[in-house]
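Before anything else, here is the set of structures, which you'll find just below.
Two complexes, one shared chain (subunit A), two partners (subunit B, subunit C).
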Partner chain A sequence: MKHLTRRTVLAAAPAALAFGGPLLAPLPARAKQYGPGVTDHEIKVGNTGPYSGPASSYGTVNKAEAAYYKMINAQGGVNGRKINFVSYDDAYTPPKTVEMTRKLVEEDHVLFVAGSLGTPTNTAIWRYMNEHKVPQLFVGTGATKWDDPKHHPWTIGWQPNYQSEGRIYAAYVLKNKPDAVIGVLYQDDDFGKDYLKGVLDGLGPKHASMVKVKATYETTDATVDSQVVQMKSAGCNVIINTAIEKFAAQAIRKAAQIEWKPLHVLSGIGNSVAGTLKPAGLENSKGIVSDFFVKDPTDPEWHNDAGYKWWVGFMDKWYPEGDKTDGANVYGPSVAATVIQVLKQCGSTLTRENVIRQAASLHHFTVPMLLPGITINTTPTDFAPIKQVQMARFDGERWQLFGPLLNGAVG
Partner chain B sequence: MQLFLQQVLAGLANGAIYAGMALALVMIFLAIDHLNFAQGEMATFSTFIAWQLLAWGCPYWITFVLVVAISFVGGIAIERVLFKPLHNADILANLVAFIALFSILNSADGYIWDYTIKTFPTPFGSKPLFGSVLIDAHEAGMLVVTAVLLGLLYLFFSGTRLGLAMRAAAHNPVSARLVGIRVGWMTALGWGIAAAIGAVSGMLIAPVVFLDPNMMFGVLLYGFAGAVLGGMTSPGGAVLGGFAVGVIENMAGTFVPYVGRDLKLTIALLVIVAVLMVRPAGIFGRTTVSRV
Partner chain C sequence: MTTPQQETVALGVAAPAARQAMRLQTRHWVLAGAIAVALVLPFVFQGFVVFQLTEVLIYGLAILGLNLMTGFNGQFSVGHGAFFGVGAYVTAIMMQRWNVPYYWTLPPAGIVCFVVGILFGLPALRLRGLYLALVTFAAAVALPQLLKFHGLEGWTGGVQGIVVNQPDVPAFLPIIDADQWLYLFTLAITLLMFWGASNLTGSRTGRAIMAIRDHEIAAAAMGINAPLYKTLTFGVSALYTGVAGALSALAVQFVAPDSFSLFVSINFLVGLILGGMGSLPGCLFGGLFVLYVPNIAESLSRGLAGVAYGVIMLLVIFVMPSGAAGFARYVGGLLARHREVELPAHRATPNAVARPAQRVEHQRAESAEND
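Showing the complex of A and B:
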């Protein structure tokens, strides 16, 4: 493939006119520029996901992405080009992610990698992708570090990041509980500390002392009962619970058991009704607040919603074995739809440079399962596509959204 | 004071979890002289079987007995199929087999029952005990069951011919064989008992930590710590060790300022290292001497 640059095309145009355009008719209407993995009929897209191993419950995200591309291909592809989605299992093991991603880049020659899942796994290939200038699009993780166009111009996030969420919780607490004594429960690693930083930044130096207990847990801990007891004893009246589902559920149950009734803010990581609240006890979960950016597929509020109906139709036709109560199956096609939008914007200039350029120029783009009003926006200096969320309160049966859309943009 | 009591009791409740696992580890160690890395996964698998039976409407206590029996047979089967051929093999070969078993059982759990957390019922209820919030009925029940289990094991090993035969087989296989004890079957029996104990502790732990394929991973680490502290050759010591680890861990997490919570496992392990420097066989362990 001969690599045309924009400049040569532009420079050639006046000359063509001067020599009488019609004589040079074979010149295509729009110059095509192809990077690796692109032909007139196909665009190769790479991906890794946890199809096996401890995080394999999230593997359905990648399967749902594949289903979405299958649907696009059946509809004729993007500008006549089918998506060839090459997805490998990395078992959520970073060394394997590196191996599989190198295979994607060096053997399969994909144009870019999109929607690969996991924080440790994406971290492992972060440097490689940026050194080799291969776009690492819409990573399936909420870490804040993906929004760093200055140092990592080839990597871009997708979902609201943990620091944004932390800031939003802080703002909510300041507004609704001015006399708050806060306990934060978080995982003792980058993921947990990301949340904590968001909360502390959101409170600001003046109110940071409101956080009285910073309680960590390890994923190897049996329970977080001791942490909850400690918060109650310290006189906390707010708990910001950013634990993963299992520990989030334990904390909710323990709080109820020791008759501690704080304002309970639950993070987006652990707010699944089926995954956390049901095991914790629906009665125990009453009154908890959390934040959302996609429609909860189990919520009857959406059953007449056009976006929800589209999604059910999509699932029935293209991913019938997928679980329709699992939020991961909402996430997957929404990411894939964003990838397709980028490719549409690329037109026939399907180079790696243009892919990342277009990924960084999404304006008011929306997909069916985002909450009404939430849009995807990026600029060359803003690599955090989704920044808005809406708060919701659990009424004992389902989450009731309330209040306006909130923006927790970091930086 | 209330906080101190609450943390001690929370520590004991966690300790009961570790103690059950430590007990199962010691049972296999006594039989084969190796640590079984798949012990936790065996217990989780048993607990999933119990969950499935309960989901099908089987009453709790029938399920309980059934699962203990199934696990006993399953443990023997694993020994006969997987480890008997390896019993003269290198320790590394055994290690690889343990890790394989770990991986197979863990993936099988996820494949059959998926990875979402599941609630598991408790036979004791979860009401606060004696109207206090310090300890609930299930936690108290766990303490009682662990004590009963330990008592039964003591009676079995010190008061029955089979128990004596098992001890002989583990202690001195050659002599045991000469007096007519079927050493191979004694080993298998050790596996069976360990699997059954694992099943009991799995069913007791699941109501507290929720059931998922990785339920036992962390517990196994603390169980190891407890078993080593108490002595790998002493069932009673292992139980005490488990409780001790639970309490130390909680105390460190709550009362050691700044680093306590982050380093609580480290602190627990430091205590263990300190103990082992003084008593290498663990507090209650017997020193084994091997002829070279």
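Showing the complex of A and C:
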């Protein structure tokens, strides 16, 4: 009987979302309906993050999320209910994530889990959350697999995923270099392959042959010099560089050294001025293009921007110990703001079903630190909240945004 | 479980037999009581606590593996997390790639780890103490990267790891849920393996293994084939930890390189030392410590969780300098002395045969504590 119910509900859930989602979006305050962890005064939200261990530098994302909820509570909460943010350390180890998430669901009885960080950690609880029908909102990872409402209707991503970024690079190259001979540099794992798949899908079957060199690296490699030389000698005039900072910088430097001047497309994960371009040499980095979706807090262009000013005020008041040059502290409050929006849309129907339904019906929602014009949109069949990015060109000092917002939605 | 008293009985001591038998009986009652409690626990607690208890058993079993090698044989390993990981991956790969039922994956996981352990044990013959520790340390560092290596990715799933199916509750037990079943399954395996370890350490082989720890040259002079026993101990130790790893894959239902970082090995070492070197029940205390103390530390202070962990560890070492097992022995000794005062009749019978044997046992216990 238990199995039957579970299966039936799982099968029915997407259908219910498809029909009910858009209609129910601005839900009028009807009779109160509460799921676990909700009272008239409180909503319990669960979270795990790496406060210790090798990835603890990312833990600031979760701390910034907590700071945002603290601010919301000081302002009176959501519809009079305070957010009780229960966050545990998982040290970025999947077994600990499972243990702590089960504690959140089974002992603390949270309404849902939101903003938990890491790809392997979220993968570990992926099935558990979907089997127990507990919303796993806005996971802190860029893998493409989170956008899968059909098979995992209780899990939803947040940031632009690597495949959609890859598509955007492909579209950009097709438009600006019709005679492109492309070399793609990518990390030899799922993360790198996500990018490559995006690029190839974006080019389409007709143009896939434009990719002449697919060069991989391992994180343990000393350099990527030979990959860059290989691209030059193969006659490439475009490099799509999706490497992490260290290797992205090496590729830029090596290209300059061998006087190879292709159209250089740098991916979002390696486009930090401090982390990549300075080590590579600012002069060598001139003319490189990349994509952005949040405002770079170190870029003086934003210093008079209302969103940036809000963020600095938020950091000063609620998270003064946080580093204001760290992009992770932009990321955290932006995720938390999206969670608050979902709760606002839920009104007094604070059930798990309604939470995921509202998370899948965000329309033109924006947060202060997203680039102007970028909005968060979801539907019952689209679990990729942020799809837009904007291209920018490096002028030797900083990134200059240009062109329209681009959409690389997968599927 | 097998301890000095039992062996003294095995030596054929006649005179204090009554007292020994009584102690043995008490021991059996304690053991039976512990097992009874262990059987009831999953029906008292919620699913998530049952999951934690399953993990305690698994860590206890893994620490037992390390104990066989370090506590009983005196070979140091800082890399048992690697065997834990190999065991977990063997189970995950067999279940998810080849559709093998979960219970059939445990023996292969153990055997693979046994073979890997033997291969590691061979160089261990030439390396001692800290050098051996370094080699095993290297294994623990290398494993996560090997798992990501793309030549093996077809099997290991690379960084993404492998999602493992939850073991189904057998059809003849419809009233218990999956967590309870997994706990009982793990408990059965754990008991079986503790029983095996108890027999091993209580046997001739076990005495040979411990003799090597106490004085390798003397052991060799007595005719013990030290290289053979050391290598085999390494293999068996890896087997135990590997089976624990296999069970962990079933419990966590996911394996990934990040699950088997160096910290796992360090945790086992912590659990071993705090539980008590050379003690079998101590391993379970080690498992409890490894699982719960980080959580307690975090609940004391988020920002200073590491400090809290360190302080708790210092306190435990201060209160129980020879581990939980040593502490239990000490308390047991106090109680026994108390009882002897009450019942002087037992002391009246002099015992010439047992005394030397007891002295040896006593010295052994001391040297174990000094290790």
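As a convention for this text, the second predicted complex is superposed on the first by the 381 of 411 C-alpha atoms of A that agree within 3 Å, B and C clash if a C-alpha of one lies under 4 Å from a C-alpha of the other, contacts with A are read in each partner's own complex, and residues count from 1 in each chain.
Quick note on the criterion: a residue touches a chain if its C-beta (ideal position, glycine included) is under 8 Å from a C-beta of that chain, and two chains touch if they have at least 3 such contacts.
Quick caveat, the model's predicted, so the values are computed rather than measured.
K.L.:
In the superposed model built on subunit A, check whether subunit B and subunit C fit or clash.
P.N.:
clash
K.L.:
By the touch definition at the top of the document, which applies to A:304: first (subunit B), second (subunit C), both, or neither?
P.N.:
After superposition on chain A, A:304 lies in contact with neither partner.
K.L.:
Look at A:75 in the shared chain and tell me whether it touches subunit B only, subunit C only, both, or neither; answer first, second, both or neither.
P.N.:
Touch status of A:75: no partner.
K.L.:
Looking at the overlay, does A:52 come into contact with subunit B only (first), subunit C only (second), both, or neither?
P.N.:
both
K.L.:
Check the residue A:119 against both partner chains and state whether it touches subunit B (first), subunit C (second), both, or neither.
P.N.:
Touch partner of A:119: subunit C, not subunit B.
K.L.:
For A:226 in the superposed arrangement: first (subunit B), second (subunit C), both or neither?
P.N.:
first
K.L.:
Just subunit B (first), just subunit C (second), both, or neither: which does A:88 touch?
P.N.:
Only subunit C is touched by A:88; subunit B is not.
K.L.:
Touching A:188, do we find subunit B (first), subunit C (second), both, or neither?
P.N.:
both
K.L.:
When the complexes are fitted on the C-alpha atoms of A, one of 2-10, 74-82 or 362-370 in subunit C overlaps subunit B. Which is it?
P.N.:
Superposition on chain A puts subunit B right on top of 74-82.
K.L.:
Between subunit B and subunit C, which residues of subunit A are contacted by each of them?
P.N.:
52, 54, 188, 218, 220
K.L.:
Under the definition above, what is the set of subunit C residues touching subunit A in their complex?
P.N.:
Within the complex, subunit C contacts subunit A at residues 46-49, 51-52, 55, 145, 148, 150, 153, 158-161, 163, 248, 252-259, 261, 263, 291, 294-295, 298, 302, 305-306.
K.L.:
Which residues of subunit A touch subunit B once you look at their complex with the stated criterion?
P.N.:
Contact set of subunit A toward subunit B: 52, 54-57, 188, 215-216, 218-223, 225-227, 229-230, 233, 245-246, 249-250, 257-259, 274-275, 278-279.
K.L.:
Using the touch rule from the top, collect the residues of subunit A that touch subunit C in their complex.
P.N.:
It comes out as residues 51-54, 88-89, 91-95, 98-99, 102-103, 105-107, 118-121, 123-124, 126-128, 188-191, 218, 220.
K.L.:
Could you pull out which subunit B residues touch subunit A in their complex?
P.N.:
It comes out as residues 2-3, 6-7, 10-11, 13-14, 17-18, 106-107, 110, 114-119, 126, 128, 133, 136, 205, 208-210, 212-214, 217-219, 221-222, 250, 253-254, 261-262, 265.
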